[in-house]
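So that you can tell them apart, the chains are marked A, B and C in the order they are listed, and the count of residues begins at 1 in each.
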Amino acid sequence: MTSTDIGLWVTGGMLVMVILGMRVAYAAAMAGFVGLIWIFWSKTGYAPDRFFYFNERREMWDGALGKAFLTAGQVPHGKVTNQALSLIPTFILIGYLAYYAGLTRALFEAAKRWIAWLPGGLAVSTVFATAGFAAVSGASVATAAVFARIAIPEMLKVGYDKRFAAGVVAAGGTLASLIPPSAILVIYAIIVEQDVGRLLLAGFIPGMFSAFVYAALIVGLALTIPNFGPPVTGFTWKQRFESLPPALPIVAVVVIIVFFVYNPFGGDAWGTPTEGGAIGAFIVFLMALWRGMRWPELKDALVETAKLSIMIFTIIWGVLIYVRFLGFAQLPKVFSDWITSLDYPPMLILICILLAYAVLGMFMDAIGMLLLTLPVVYPAVMALNGGEFVSAADSAFGMNGTMCAIWFGILVVKMAEFCLITPPIGLNCFVVAGVRPELSVQDVFRGVMPFFVADAVTIALLVAFPAIVLWLPSLA
Amino acid sequence: MAGAASVLEDDSLLSRLDQRLAKLEWGMAFVSGLGAFALMILAVRSVGGRELFEAPLRGYVDWIEMAMPLIAIFGISYVQRQGGHIRMDIVIGQLSGRSLWLLELVTTFFALVLMVFLVVGAWAHFDRSFDFAAQNWSRDSTIDIGLPIWPAKLVVPVAFGVVCLRMILQMVGFGRAFWLGLERPVAVPLVLSAAEQAQAEAEHMTGHDA
Amino acid sequence: TEWNVSVWGKRRAFTEHIHKLAELVEEKTDGAFTMNISYGGLSKNRENLDGISIGAFEMAQFCAGYHPDKNRAITVLELPFLGVQTLDEEVAVSHAVYDHPAVADEMAQWNAMMLMTSPMPQYNIVGTGEARSELSEFDGMRVRATGGIGQAFEAVGAVPTSVTSSEAYQAMESGVVDTVAFAQHAHLSFGTINEADWWTANLNPGTVNCPVVVNIDAYDMLSDEERAALDESVPEAIDYYLSNYGELLKRWDEVLAEKDVQKVEISDEELAKFKDVAGQPIHDAWIADMSAQGLPAQELYDLVQATLAEQRGN
């Protein structure tokens, strides 16, 4: 049995465990662990005495089993100490603190007073308020939960269809993972070993672009469907300007995070992304203190931050044990050799990969899906483009290796976000239905359907015009 | 607290053990949270020191490296108690009663086997960095200011050890539910449908809306 | 026999001798002995020694400064201002130290055996703004430098700052640091040269030492023919590395000219001052510290000096 065969068997076994409902982290780690035993034992020609072998000279497990648990045992500590990963708890903490700082309501109020006069105005306001909150929140689900409470009642009050109102919030929530900060973009950057700062920067325009596509869709619907949802007018300029100061901290945080990555005025950036995220969190923390957050709320925010961070990190190290095994089995290389040997146009293969993500994402959680697939898929996509060091001129997609990594990252994250609103497992929709007792999950899925079209359009445009993604990072 | 409601409690020995352990687990998760907070303070000190006082924090990267296992791993058992680790529930969500408890029992057993091996492996990883005879007991140090790494490596087997205890308790809980054919057993995370899970998440946000 | 070899990053001048070694060994054994070189797939770079000790893979590269406590003895080679000037000298002192029993003992604790070094040129600094060529000008300078080189800069009043090598460019661009200390190939591959206004051509503050080691059990299990092929390929692999790095150094001068980077020559007088503050005192402290920990520190230190003198004598 070749190491590739071992790789395929173990991967199959992992999928079975995942489908049966074993926690994804444990299933992946278990697969990696069994795979390591198998690979190490196969190197000894499956000698029976080399399975449990104890080396007395070294007082150490030297058999396949011992080597496997010693190798796997390095991974949890070794991998979580990656400096870039320290952004994840920071980004999560920002989101919880922003909530206590009252930034959510302030944003929605400001968006309403400024743009609710448009056709379908309150829905458009919701989209831009979620986009604004996305600038401090690193997690989509949390964003959807918060806005379901604030925005849906207001839309119902002026006569929106309840299903559509729910759909707007579920879709708007997905913006949080494109617009920086974004936990999922950090995870992508870690897996593919690309610069975190550039990737975060790259998410900004596609995120805003998505927001505008959503807004355009809503305005279009409002113009064609009678009694859709009336514009909300009558705010004076005074009221409009009064709504701005409470929302201003968002701008401060955005400016800080962006400036720490890249100075748009051409001067020096202010620091590193790691520092930027933490300073942003600190400002929101001060804001929350000022708005009345005290020890009980802070304690709660810290434990919730820990919970979500640990959940994410457990998947990360679990999957990385599996990935460590893949390194020994050389499966990613075999897969990417196979992909590049296919006799189809690279663009067609890329589109097939994205479609596969759409299908997979119907059933899987976004982070788990990316962690499980990227170690194999990413090298294949890079090879498809012509390799890591390819120049734009020689490449299949018209961009150099680094840019291809960024572009594919944004596409994949957008796909993962799309999966948050597609049935049968669309976590954002579940959350919205959970917050609003009057809405069933089916209602939310019905309401969010128009946004599939918007997302499909967005993804198609990002594929067709990579410049939307690459313009900003190419400046940095 | 989100999800806490999914573990039932009563006066039985099992449930009392569960609650005892849960206190410890909450404490460990709280330490993880404090770690995240410390990360923020560390950055403020680093940037502030550099920009205002020409005194950057020496070894900023090293301190992050020391803090990360605490944040990312130390509280893992708290999440395990609440059944908070991500999984796919298309199969398990269809089951109920004995078949459900049996599958839970089996998957928890495999997870326990894995974690026991990881405790051994992570302990060995710690042990390679630790030497009673050496200065600071250290045989592995950070890159910049040479902090001994062993305390950070020790976090992992300790946290995983607590998870093993938790998994043993849960296996007893699932086994008991299977044997007695219980509907709502204590001391195990009850399967929430994705919708119920979302409900719990939503409730957590309720009452904090500023 | 098939060996797994764990290195990190991307294929570059720094890993060329390993590829050459693999090629030579395969040739000499008619394909009976092959090496499968993995960039980061088998281990994290700072845990390569752990991987060797476990026996997860058979050969690996690591750097002494990544974890001084794992390899105290060879940190002598990372002391600042040792006076090594060329890559040939670096090879000579490294291999002399590797042959010392104290080093072999320490490596044996990791079940490892030294095979060869990966000679690195001196870590000169690139900087932004006005060139700094006098000792006094280093006061308050924020420099990205680690280990012994960091200590040296600290001794002259500079402020060593922690950023990872992959964040070094960002740190320089953002003014987190004014200067970055790297070998030439790293200035090229991490892009710090693109931000630079000047480069110190002769400060030569020190370098990092990155050996290639093999797992002792795996080495013992090789057939005599395979072991001979491995041992006798080392000098050839090192020669290849040196000539390849030589090409890179030639290109370095072109890059400096092309990017209009000023080449700063520091006067002998200033260099002497530098060594007074940041050389000998740090050496003495190292000897005292390591002796206290039971290492033959003075012996190792003298060995470096003697080898250097001998090399110069040739």
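Basically, a residue touches a chain if its C-beta (ideal position, glycine included) is under 8 Å from a C-beta of that chain, and two chains touch if they have at least 3 such contacts.
Here is each chain with its UniProt name: A = Tripartite ATP-independent transporter DctM subunit; B = TRAP transporter small permease protein.
Remember, predicted model here, so these are calculated numbers, not experimental data.
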If you tally contacting C-beta pairs for every chain pair, which pair wins? A-B
What's the farthest chain from subunit A if centres are computed as the mean of the Cα atoms? C
Quick check for you: compute each chain's CA centroid and the global CA centroid, then name the chain with the smallest gap between them. A
Averaging over Cα atoms per chain, report the distance between subunit A and subunit C in Å. 38
Subunit A and subunit B, separation of their C-alpha mean positions in angstrom: 22
Multi-chain contacts in subunit A, i.e. residues touching at least two other chains, fall at 70-71, 74, 78, 83, 270-271, 274
Could you pull out the residues of subunit B that touch at least 2 other chains? 61, 125
Could you list which residues of subunit C touch at least two other chains? 46, 50, 163-164, 176
In the complex, the residues of subunit A that touch subunit C are 40, 43, 55, 58, 62, 67, 70-71, 74, 78-79, 83, 193, 195, 197, 260, 263, 268-274, 324, 326-328, 330, 388
What does subunit B use to touch subunit C in their complex? 50, 54-62, 125, 128-129, 134-136, 138-146, 148-149
The residues of subunit A that touch subunit B in their complex are 17-26, 29-30, 33, 68-74, 76-78, 80-83, 85-86, 89-90, 92-93, 99-102, 104-105, 141, 145-146, 148-150, 270-271, 274-275, 277-279, 281-282, 285, 291-292, 297, 299-307, 309-311, 313-317, 363-365, 367-368, 424-425, 427, 430-435, 441
Complex contacts: residues of subunit B adjacent to subunit A: 1-2, 26, 29-30, 32-37, 39-44, 46-47, 61, 64-65, 67-69, 71-73, 75-76, 78-79, 82, 84-93, 103, 107, 110-111, 114-115, 117-118, 120-126, 152-153, 155-156, 160, 194-202, 204-206, 208-210
Subunit C residues touching subunit B - in the complex, by the definition given at the top: 46, 50, 53, 65-70, 140, 142, 146-147, 150, 159-164, 176, 292-293
